[in-house]
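Note that chain A is present in both complexes that follow, paired respectively with chain B and with chain C.
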Partner chain A sequence: MIRIEDLTVAFGETEAVKHVNLELKPGEILGVVGESGSGKSVTALTLMGLISEEARITTGRILFDDVVLAEAGRPKDKALYRKYQGDRMSMIFQEPMTSLNPTWKVGRQVEETLRLHRDLSKEERRRQVLDAFTAVGLRDVEKVYGSYPHELSGGMRQRVMIAMAVILHPGLIVADEPTTALDVTIQNQIIELLRKINSEQKNTMLFITHDLNLARRICQRIAVMKDGRVVETGPTEEIFETPREAYTRRLIQAVPSRIKKTRKTENAVSPDKADNILEVRDLNVYYREGGNSLFAGKRKHCVVENATFDIKVGEILGLVGESGCGKTSLSKAILRMNKNIQGSIVCREPYPQMIFQDPYSSLNPVKTVGWLLKEPLRALGRLDPSREMTEADMEAAAYDMLRKVGMEESYFHRRPSQLSGGQRQRISIGQALITRPRLVIADEPVSALDVTMQAQIMELMLELQEELKLSYLFISHDINVIYRMSDRIMVMQRGRIVEIGDTEGVFRNPGQEYTKLLLKES
Partner chain B sequence: MKYFAKKIITLIMTLFVVSVAAFVAFQIIPGDVVTSILGTEATPEREVQLRAQLGLDRPPIERYVNWITDVLKGDLGVSYRYSKNMNEMMPVAELIGDKLPVTLWLAAVSLGIIIVVSIPLGVLWARSRSRVADALFSVCTQVTMAVPSFFLGILVTYLFGIILKLFAPGGYVSYKEDFAGFLGYLLFPAISIALPKVAMTARFLRNSMLTEMKSDYVRTAYSKGCTDRRVMYAHVLRNALMPVVTFLGMIIAEIVAGSIVVEQVFGLPGVGRLLISSISTRDFPVVEILILYITFVVIFVYFLVDILYRVIDPRISNR
Partner chain C sequence: MKKHFVKKWNRYFIIGFIMTAVAILIAVAGVFWTPYSTTAMSASEKFAAPSLAHPFGTDNFGRDILSRVMKGVGTTVLISSLVVLISGGIGILAGALTGYFGGILDEVIMRFTDAVNGFPSILLALVVISILGTGRQNVIISLAIVFVPSFVRIVRSEFIRLRDADYISRARLMGVGRVRILFVHILPNIFSTFWVSVMIGFNNAILAESGMSYLGIGVQPPDATLGKMLSDAQGYLMTAPWYALAPGLAIVWIVLGFSLLSEGIRRMQA
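On to the complex of A and B.
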């Protein structure tokens, strides 16, 4: 039995977690759900004794089977915690790539847990690690044992992380967004695996996620957190059927679960009449092996094969597929960022624009919002003298765009670091649209955002699409997001387009096994 | 194997380009070796005679081709300035061969000191939690980094040579006569070279370790129940060494190429001093070979760094 009583965690003067009470019954899976910044991760890390040293527990305590692990006013007992960490409590992290030491073979990393807590011979340790690998569904375990993290796929890495966490059958497993960084197809397998481990080992699990739907699939009870407080706790179905808090209702609604967008009919495209803004015929996209070095090989690697499709004026074409299937390579070819192609691309928009996934790293941090919004206009003026603008016109256009993406004028002189993730993505969208392109490629534009943020950004993109008569190539690995946004859907698998058709049709009646799999697992 | 072939081709190409550049530079810079050798005894007839003797009356391209063919055959030519005795010219190979061990040993001792001292120091610094220790480390490294090496050399000579009398300033012993004494004498110049580099490397390693400490895998290591010590040495150090290795590579290239100032201050007959005197006397055959040597050293050290990368970080594969 694990109890968190009246826990408050402060960083300096700021309280990240405020008077939280949580109780985990033996063998249950408790979901902690909230947006980023709600204090769910801080709670979990404090429970695990992994919170950074600047953090202080100002009220309350944490009990593990009646042993007080941490308490307000008492310095952290590292020695006590070390006996629990890895042995009786363990953690699965969000990002399986960075959470494993890149310079150690994964077998040795899992083995370290055994070495720290058990007195076993070398052979015995190795055997147990291999068994654990088999138990988490890894194949070819000997080979995995001797591999480095970068040699494994994301799903395999997360299985290794899970093997590391469960090898000593700990009483408590804390899983912090364990599937967020993975593809939909892998997500489901990992959830199944966690459920299986829970039923076999009878561990108590604390499952942290921003995704209520995901929590619904695995948790018996759910605690909803907001601004450092638990605002609602209850059995999963009760939370979904009769949410008490407005916040919970908003979280449930924010989940883009098959809510079809509501577009005005007059704006919807009638497929026969409209002109094509983009025509792609028999397109092959290649990458040269070995990059651009003097000695780079002449061999080319084909990443997109035989792609043929159109995008009509005013249409949103959703492109879905797992990571590595060629989605980004295709969009780079359309933007002429990769000229190593065969086949034809006819684009009626001379300067198509792109919205990127990560609003944190794709905005230059030393520039102001105003400068960032004007930059595409300056660049365009240099490319195309007929579209050169005066500084005053650019300024006016930037203010106008700032309003269009739903932000106040006072943000004009701020820098990206002073903005939230959602606000940054609004600026990215503004950057893409300020040159008035008719075709915009959006590469996973909402994947780095919270669910509530996701809903707002998708809403914004749809509004702007109507207002400015845009066409989107909307790329996502999230089939729910695609469903919400797209008029038609294109499914890619290993560089090939395997299915293309109107959204409702594909969803109701998928023609390919792979599409069925994608739909089932979302 | 393909990797090595690429590296060797790059090396040869670079050496060729550098040798041409050095040759051209020597054509352009003012000053004439013949007048420099003859000095006040110069007469037009003797100048013509010496020019012919040194082959300087030939067109530049022919001279370069002759020179490079000789070098490729293993004949590095003779020095314009140094002579063995009254009748014999000094071969460049012999001249450099004489000085090279001094510089190489000096570099080896300095590098040994840098590695042995800076790595534990950097780790210790990264682990130090108290503000006093941190400030102390910070001030010490700041000061040692800021002091120029000639001044440091003078200080070391003064402190160890004149006050503590641990070595005799100016009492250089040739490695041919007394190797132990030679190494003993090298210790103090090596300290002068190493001290600022130790401070830089330690600071570099410390910063790198502190950055690495924020990585996700460190949190994973703690979640398994690792102690602070284990996290530092087993997990963080190896990852943190990557940028340090690059930095060490730069240092090695610098000191193997000859620490001109320190050789001067301690009166060491090394490559650095030879380079300075040869440039000032327009002793082209010597300078050209020394420039090729330095180029080779720099490229070779970076090659070693490249290999070391692959050893430390498995993510970098042989492309």
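On to the complex of A and C.
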């Protein structure tokens, strides 16, 4: 049994974790749920003894089967931790690429754990590693054993990480966002695997995630963290059905369940061709191998095949599919950012805009918010003299857009580094919409955000869509987000559009095996 | 200065700034006034040891070393600044174009910089000098040629890094013109990296100029430069050690001051 009693962890003056009490019963899976910065990872790293040297435990202690692992005022007992780490407790990290050594074959990395903690012959170690690989559902284990991390897919790497974590049958497994970097389909397989391991090995698990839905599916109990404190603990169903804290309720509501958006005016979608803002016919998109260099190969690689679809004026078309299925390539082709195409694209908006996934890289860091909002107008004025504006008009339009995206005027002179992720995404949306384009492509606009932020940004995008009569091509891997946003949905798999149709219809009656799989797994 | 640029003062910056400011003050003062004429010889005062009249002594022609160092600092700083200005300017232009557009121009300019990098820099400067002849102007040109490749490479790699950034893709989508993307959208973002390399380049230019003057292919006598003074002093190291002391200290002072300043700026941005 693991007990964390009144734990406070401070970095200098700031307390990242404040008086946290957690208890893990043998064999249970406890979920720790919270937004980024809530202290959930710091708690886990402190428990594992992996927290950086700058952190100090200022109050409380950590107990592992009545042995005090760490305590306030006591320097870290490195020898004690070495005995426990790996052998009795182990950790699964979020990013399997960076937590595996890229220069070692994965088999050897897993074997290393055995070599350090068990006295076994070489053949025995190898056999146990191969067994562990089989147990975590890897196929062709001999080949995986001799592979380097970069030769494996994300899902396979995460399985290797899990094999490494469970090979010694530790009493405690800490999983820190183990599926966040993975696709939905792989995500589900990993969750299944963790549950299977838990029931077979009877380990105690601490499952850390920002996704309440995910926690619901695997955890028996959930602790909700906010600003370094545990605000609520209880059995999973109780947390979901009768949440005591307002914050927990907000988290639950923010989960994009299949709530249909409420739109004031239903568009009368006419079959008339003139009402299409975008028409794509038999589109093939290619990539040249080796990039743009003079010595780049001439070989082309087809990433989108025979795409044919329309977007009507005022319509939101949702595009769903796993990463690597060609969603982004398709959008880049529509925006003429990739000219290696065949087929026809007719776009009735001369300057379609795009909202990017990562709010941290889509705003120029040296410019102010005001400058960023005015720049599209300046550029448009130069391209199209009839739409040239005076400096004062641009200023007014920028302030107007700032209000529209729900931000105060005082942000006008700030730089992106002074904004949160959600605020950046608001500015990003404002920048895309300020020229009033009639078509906007949104590439995973909410995937990098916390759940509460996700809901707000989706609401904002719907409001603006209504106000400005926009059409969106809304791309996401999250079927719930797509359901909430779209009038029609389009499903892509390996560069092909496998299904396209009315949202309700597709959800109720999916025509393709692949669509059924996507729906079932979300 | 822009707000994000100055985060907090640090010791490196303060000490470096003071040392550099003193050097520049001395250089500027030397243009208008020196205690003695830098070329006035005096046979009676040959190799005078440091005294109140001549704080750093006199040289083999009886010239006041303090006055010559004041002038020498000015010459050296002026030459180094111009070298960095010219090679940095060319570096930004060539680096921006090759980095952003790539293609044939990129290959040609990169192979050219490879060729320049293939020679030891002093040897290359020597070759240029032997073609152009000696003199202040030609020292600047030859050093600028030697220094261009490193600037081109730094700017180019930054432009390559940023040309596919989301915010640059987005600027292209808005229809922002190419020139504006290069110099308004991207350039301010590489300024911090570029600034540090300018600082390092400035130090290297001081050392290279001193080295060339030391070898006798730099600024010609009777103009005073720090390197030439050091080279002259070498022969009298045993009989008149103060001769080498002042110019040597001046070089150390300027280079150290600038190194600290650039380190300070780098830390402020980190």
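Quick note on the criterion: the second predicted complex is superposed on the first by the 503 of 522 C-alpha atoms of A that agree within 3 Å, B and C clash if a C-alpha of one lies under 4 Å from a C-alpha of the other, contacts with A are read in each partner's own complex, and residues count from 1 in each chain.
We take it that a residue touches a chain if its C-beta (ideal position, glycine included) is under 8 Å from a C-beta of that chain, and two chains touch if they have at least 3 such contacts.
A quick note: this is a predicted structure, and the numbers were derived from the prediction, not measured.
**Student:** Is A:415 in contact with chain B, with chain C, with both, or with neither (first, second, both, neither)?
**Tutor:** Only chain C is touched by A:415; chain B is not.
**Student:** When the two structures are overlaid on chain A, which partner does A:351 contact: first (chain B), second (chain C), both, or neither?
**Tutor:** In the superposed model, A:351 contacts chain C only, not chain B.
**Student:** Using the touch definition from the top, say if A:383 reaches chain B (first), chain C (second), both or neither.
**Tutor:** second
**Student:** A:361 contacts which: chain B (first), chain C (second), both, neither?
**Tutor:** Second partner only.
**Student:** Touch test for A:83: chain B only (first), chain C only (second), both, or neither?
**Tutor:** Only chain B is touched by A:83; chain C is not.
**Student:** Help me check something: in the complex, which residues belonging to chain A touch chain C?
**Tutor:** 292-294, 335, 337, 351-354, 356, 358, 361-367, 375-376, 379-380, 382-383, 415, 417, 431-432, 435
**Student:** Mind listing the chain B positions that touch chain A in their complex?
**Tutor:** Of all residues in chain B, those touching chain A are 6, 215-217, 219-228, 235, 238-239, 312-315, 319.
**Student:** If you look only at chain C, which of its residues touch chain A in the complex?
**Tutor:** Against chain A, the touching part of chain C is residues 2-4, 102-104, 106-107, 165-177, 180, 185, 188-189, 191.
**Student:** Looking at the complex, which residues from chain A come into contact with chain B?
**Tutor:** 45, 48-50, 78, 81-87, 90-91, 93, 95, 98-104, 112-113, 116-117, 148, 150, 161, 164, 290, 295
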